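Multiple structures are listed underneath, in structure tokens.
Both of the next two complexes hold chain A, though its partner changes from chain B to chain C.
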Partner chain A sequence: MVSEMNLVKLKRFILSPYTLFIVAILIPPLFVVDPFWVNRLSLYLVFSVLALSMSLCWGYAGILSLGHGVFFGLGAYCMAMSLKLLSPDSLTQGTPFPLPDFIVWNTPPGEALKLPWLWVPFQNQWFGLVAALLVPALFAALVGWFVFYGSVSGVFISIITLSMVVILNLVIIDQQPLTNGFNGLNNLAMFNVGGFEFDPYGLPTYYLIAIACALTLLGTRWLTQTKAGLIFKAIQADEQRVKYFGYDIAAYKIFALSVSAMIAGLAGVLFVINSQYASPTIMDVTLSIAIVIWVAVGGRDSLIGAAVGAIAINAIQNVLSESESLINVWRLLLGILFLLVVMFLPKGLASLGSLLQRSPSVTTDTATPVEAVDSQPLKLLSQVEPRK
Partner chain B sequence: MAQITTAQTKLAPRSPEAPLLEIQNLHVSFNGLKVVDGLEFCLDPGEVRVLIGANGAGKTTTMDLISGKTKATQGKILFKGQNITNREPHQIARAGIGRKFQVPSVFKDLTVAENMQVALCLNPSLVASVRPHLQRKDQERISELLSLVGLADLSQQPARHLSHGQTQWLEIGMVLAQNPELVLLDEPTAGMTVQETRKTADIINSLRGQHTILVVEHDMTFVRDICHIITVMHQGKKLAEGTIHEIEQNQDVLNVYLGSGGVSHA
Partner chain C sequence: MKRRVFVQNLAVSAALTAMAGCVRSATSSTSGATGSDIKVGILFSLTGGLEIVEKSMHDATLMAIEEINQAGGVLGRKLTPVIEDGASDPRIFAEKARKLLISDKVATVFGCYTGASVKAVLPVFTQQRGLLYYPTYAQGNECPSHAIYTGAVPNQQVSNFIPWIMKNLHAKRFFLVGSNYVFPREMAKVAKIMLKQNGGEFVADEYLPLNHTEWGPLVSKIKQLKPDAIFSNVVGTSTVAFYREFKNQGLKPEDIPICSTVTSEVETQAIGSEFVEGHYSSFPYFQSVSTPVNKDWVAKVKQKFGNNAVTHHAMECSYWQVHIFKQAAEKAQSLEPEKMRTASLGLEYEAPGGLVKIDPDNGNAWLTPRIGQCQADGQYKIVDEGKAPIKPLPYVAYGETTGNLYCTAKGLDTAKFKPQEQS
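Right, the complex of A and B next:
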């Protein structure tokens, strides 16, 4: 009886979408040998981390952010600043401290070369990594504090976050002496752990990103199953009602946005490790909206759905845009795909999975009523109590 | 008034105590319309009080003011001697006031048990919430409350599958899960059948002594079942207060309800 129960549990564990997804992302390198594709697949996983961040924020906490590119970009820039300072170019400028090449170019002749104060702490790669997580989170908390304690809700949050990404994009471009403007930060060092360099085209980098993606998935899943996750759902259902149970819903929303921003920052770090650059294009409106589309297609209230949506759309986009026969129509085809999903699967691709699961389980449900099973432990508890 | 005090000593043997809730000269107006206009009344700990009055008398607005949904333009609300006037709803809830709304407000997408978990906020702070939510102690309390409101068998059902009456009971259960000292019930029997109303009265009577309860209600049979003291509101003011017998004899009340055959037919 017990072993049967364990078997059922084991089967459920193996067949859970989470296990399947994690196994699926660990397998490809066994078949894919082309470094170009290894790099590209790991980029898809970076985007799936970004999609998880959006799913948490939009699907669970109901905050539709159209500015997630900011958090992604801040993370990427923080990491890129460190890797820029560690690059061979920066280390061989003839100064006693590392100096990015563009700062040399931007310094007028005759002036002393110096590292801007903003860059100084980034000489340590780990500072860059930690900053890449904390800067987006704190920035999100600040924006959230104004937005949510100011009782801004609904579409206005989307407008504010959208303008946030436009503003930050302009600031980055404008602050050329600090950020290298349009060109962004490139020619970076490889991410280095204890002397081991993560080559963006190598398998170790793929696994680094895949494991980060799996951990993010498990972490977000854990968070959505805590009581806070339940409160998020309740806030989505009826925000006003939740207040009357004593919850400070603004605090909950700020928390959701910050955690989501931190995950987006992590995606930024992984992006830099994968692509070796950070530029204003990764911090713009296009990417911010694209994230929302991936998540909408995948299924915003399903973490797996969102992650799969990001991978699927990016893969389809690459395949379509690179096949010669479709070179003129691929955008049209992608658009038709979006339309079909929105029309027939309003809850995204994830609802396909639950449709498949639901049909057989209905029959078993009727055979053993849920209540009967569930009330058993309660009965046992009430029997135990008098003895105490 | 003397009679009222004796009734209360019977209800709450802990007295003499300061009132749990004290409303002083409360005013609120919407676009110049005075909805609550100098309202004053007190609730003693452990009391079950019913607020009655014609439509537009300001009963629900009074509930809104107490629970922080509406901001008062003048006056004070003291809860346990603490000024809670115009505080945020979540602060008032944390101070120990729970509210059931007139239109049943439960989370329809969540199951009955999940609804109760949301409401069961012994510690509503964010930090306490970031951990698995199904603790055994909580589960026991939830099953206890669900059997009290008669929904134990439905705990795994989504709340949208509940009937109207069951939804009302669920919301009462949720308010109780908050374990508030003061429970505000806005028309708990609206739309209920006679049997359902009776069951609701039983639920409220079983809470007597554990919570102080303020009920807005129209159904006089139900009022008779649950309470001793009634406060009658009219045009935002307190018109009368007393036992159900006194209220039925009260000339002012009769005048206001003239033509409808007195308060019993309100």
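Right, the complex of A and C next:
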């Protein structure tokens, strides 16, 4: 009896979409020989981490951020600053300290070369890595503190986050002596752990990113199944009611936005390890809105839907933009595709699941609590207990 | 449960699609290595804010490839272009450059317009030991080991321009303006050094983001400061807004001429010639150059792309650099990028703008400086012209001279180049 139970559990575990997704992302490199494609597939996984961050924030906590590129970009810049200082070019500028090449170009004639104070702690790669996670999270907490305790809600959050990305993008472009402006940071060192260098085109880097992606997926899933996750969903269903139960809604929202920002920062780190590059175009409006589109197409209520949406859209985008006959119209085709999804699958690709539900070939099964809350906000609210 | 089934299917099919893509690309790269055609990459923006200019450069590159193929190809083999879209975004440029070099294994890449895109791709070319032919006028202060630059450098575009403006337009007080990225900022730095050397001064040094279109406040500032001339490094769609706002606020070229290093025939066409008429630009090539080679070429361009098509400096370089590549491959008897780069050094070609030569030391081009004034029809009347092509000096602002080179075939001489000691 017990072993039978375990068997059922094991079967469920193996067939769960989470396990299958993780297995699916670990397999491709065994077949792919072309290093360019190994690199590109891992880039898709970086974007799926970013989509997970958006799904948590928008799909679960109901905060539609149009400025997620900021958190991604801050993470990427922190990591890139460290790797820039460790690059062979920066170490051979003839100064006693590492110096990025663009600081040499941007120093006005007649002034002494020095490393700006902002750059000094980034000489340590691990400082850069930790900063890449904490800076976006703290920045999100600060923005969230103003926004949520200021009782800003709905579309205004989107407008504020959108202006946030525009402002920060302009600041980075304008502070060329400090950030290399529009050019961004390139020519970076490889990420190095105990003497092992992660070559962006090698399998170790692919697996580093794939494992980070898998852990993020499991971590966000765990979070959405905790009590906090339940309250995120409840706030989305009926904010007033949760408030009357005595919950500090703003605190929960700040927490959700900060965790989401930290995951976006992690995606930024992985992006830099994958692409050896950080520039203002990765923290601009276009990318921020693209993230929302990936998640909308994949299905914002579903973590896996969001992750798959990011992978699918980026793959389609590459295929379209690289086929010679479509090179002038690929953006148009992509736009039409989005329109079709929004019109016919308003809950994203993941809602194809509910279409399958009606298919007779599929056996019925009792819905798990998480699936139930998707469709029944009232039932969900009954699970939230008043705060003592 | 059903959602699970669906997601399983989705995950599996996504993985399969991805794998199919890789297998396809893996087979195509093998066939490229063994096939008889030579794959060359073309990397310009076909979408986004820089589309107008870069599309014309893309077209000129394809035109040259077609001509070469009709005449028998390179080393008896046809050139097959692999076309990529940089989408006006340096990040995409870097990604596509990696694709061209690592996946497509192209012999060379022709491409890039903005300094930002070329800075984004250069590390890729260095790491992968590829070769880039870059056809745009540049800001100098670069000594790349895996590229050939065929556009003007500051001593062919600014060294002649500033003294000419001061003498002929009686200007002393300059207003410097540009888009906010590496090319305009470095060009402004070069201009400041040259103003100082010639006894001029600058009253402002302003930047607006690339493709910014709100020029009202900045033009008002120009009106207020009343400079004798404007030295403009404004790039892309911003040029349209800038020239129009300038005229709309009642400023006239007779009072304050805009002297640009960027506004060529193609930008003029986009702005509308009535807004640019009377202003000046400095380029080694204008469509109005009256050599027989140029007349032929302009006729061919018009025949191919319609009567409204114009030619301009970066487009001209995009065209003739493909012919230099052909000569280089044949001289090297190899498609090895590093050997072709070495073979490119010293090669000459009778280009539409006159004789050009790849400098044996720094891999930039010998070009003839020219200054043009925009006419009512959008064409430039050449008002000043060098006698012969001059040697490119990418570090001219930092004291580089023909007798004291900083950038040679060995790379940058860091003992000589000391940016911080210049004053």
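Simple rule for what comes next: the second predicted complex is superposed on the first by the 352 of 388 C-alpha atoms of A that agree within 3 Å, B and C clash if a C-alpha of one lies under 4 Å from a C-alpha of the other, contacts with A are read in each partner's own complex, and residues count from 1 in each chain.
Keep this in mind: a contact is a pair of C-beta atoms (placed from the backbone, for glycine too) under 8 Å apart; a residue touches a chain by one contact, two chains touch by 3 or more.
Here the structure is a predicted model, which means the values were calculated and not measured.
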{"item": "Joint occupancy of chain A by chain B and chain C, clash or fit", "value": "fit"}
{"item": "Contacts of A:225 with chain B and chain C, given as first, second, both or neither", "value": "first"}
{"item": "Chain B versus chain C as contact partner of A:5, first or second or both or neither", "value": "neither"}
{"item": "Contacts of A:242 with chain B and chain C, given as first, second, both or neither", "value": "first"}
{"item": "Contacts of A:37 with chain B and chain C, given as first, second, both or neither", "value": "second"}
{"item": "First, second, both or neither for A:343, with chain B first and chain C second", "value": "neither"}
{"item": "First (chain B), second (chain C), both or neither touched by A:234", "value": "first"}
{"item": "Greater residue coverage of chain A in the superposed arrangement, chain B or chain C", "value": "C"}
{"item": "Which superposed partner A:252 touches (first chain B, second chain C, both, neither)", "value": "first"}
{"item": "Shortest CA-CA distance between chain B and chain C [superposed frame, angstrom]", "value": "16"}
{"item": "Chain A positions touched by chain B in one structure and by chain C in the second", "value": "371"}
{"item": "Chain B partner contacts - residues on chain A that touch it in the complex", "value": "223, 225-231, 233-234, 237-238, 241-249, 251-252, 255, 370-371, 374-375, 378, 381"}
{"item": "Residues of chain C touching chain A in the complex", "value": "1-8, 10-12, 14-15, 17-19, 21-23, 25-26, 29, 46-47, 83-85, 87, 89-91, 94-95, 98-99, 102-103, 115-116, 119-120, 122-123, 141, 180-182, 185-186, 189, 192-193, 207, 209-210, 414, 419-423"}
{"item": "Chain C-touching residues of chain A, taken from the complex the two chains share", "value": "15-17, 20-21, 24-25, 27-28, 31-37, 39-41, 43-44, 94, 104-113, 170, 173-174, 176, 180-184, 186-187, 201, 275-277, 279, 281-282, 302, 304-305, 308, 311-312, 315, 319, 321-322, 324, 327-328, 330-331, 349-350, 352-354, 356-357, 359, 362-365, 367, 371"}
{"item": "Chain B residues within the chain A interface of the complex", "value": "67, 88-90, 93-94, 98-99, 101, 105-110, 114, 117-119, 121, 124-126, 128-133, 136, 139-140, 143, 152-156, 174, 178"}
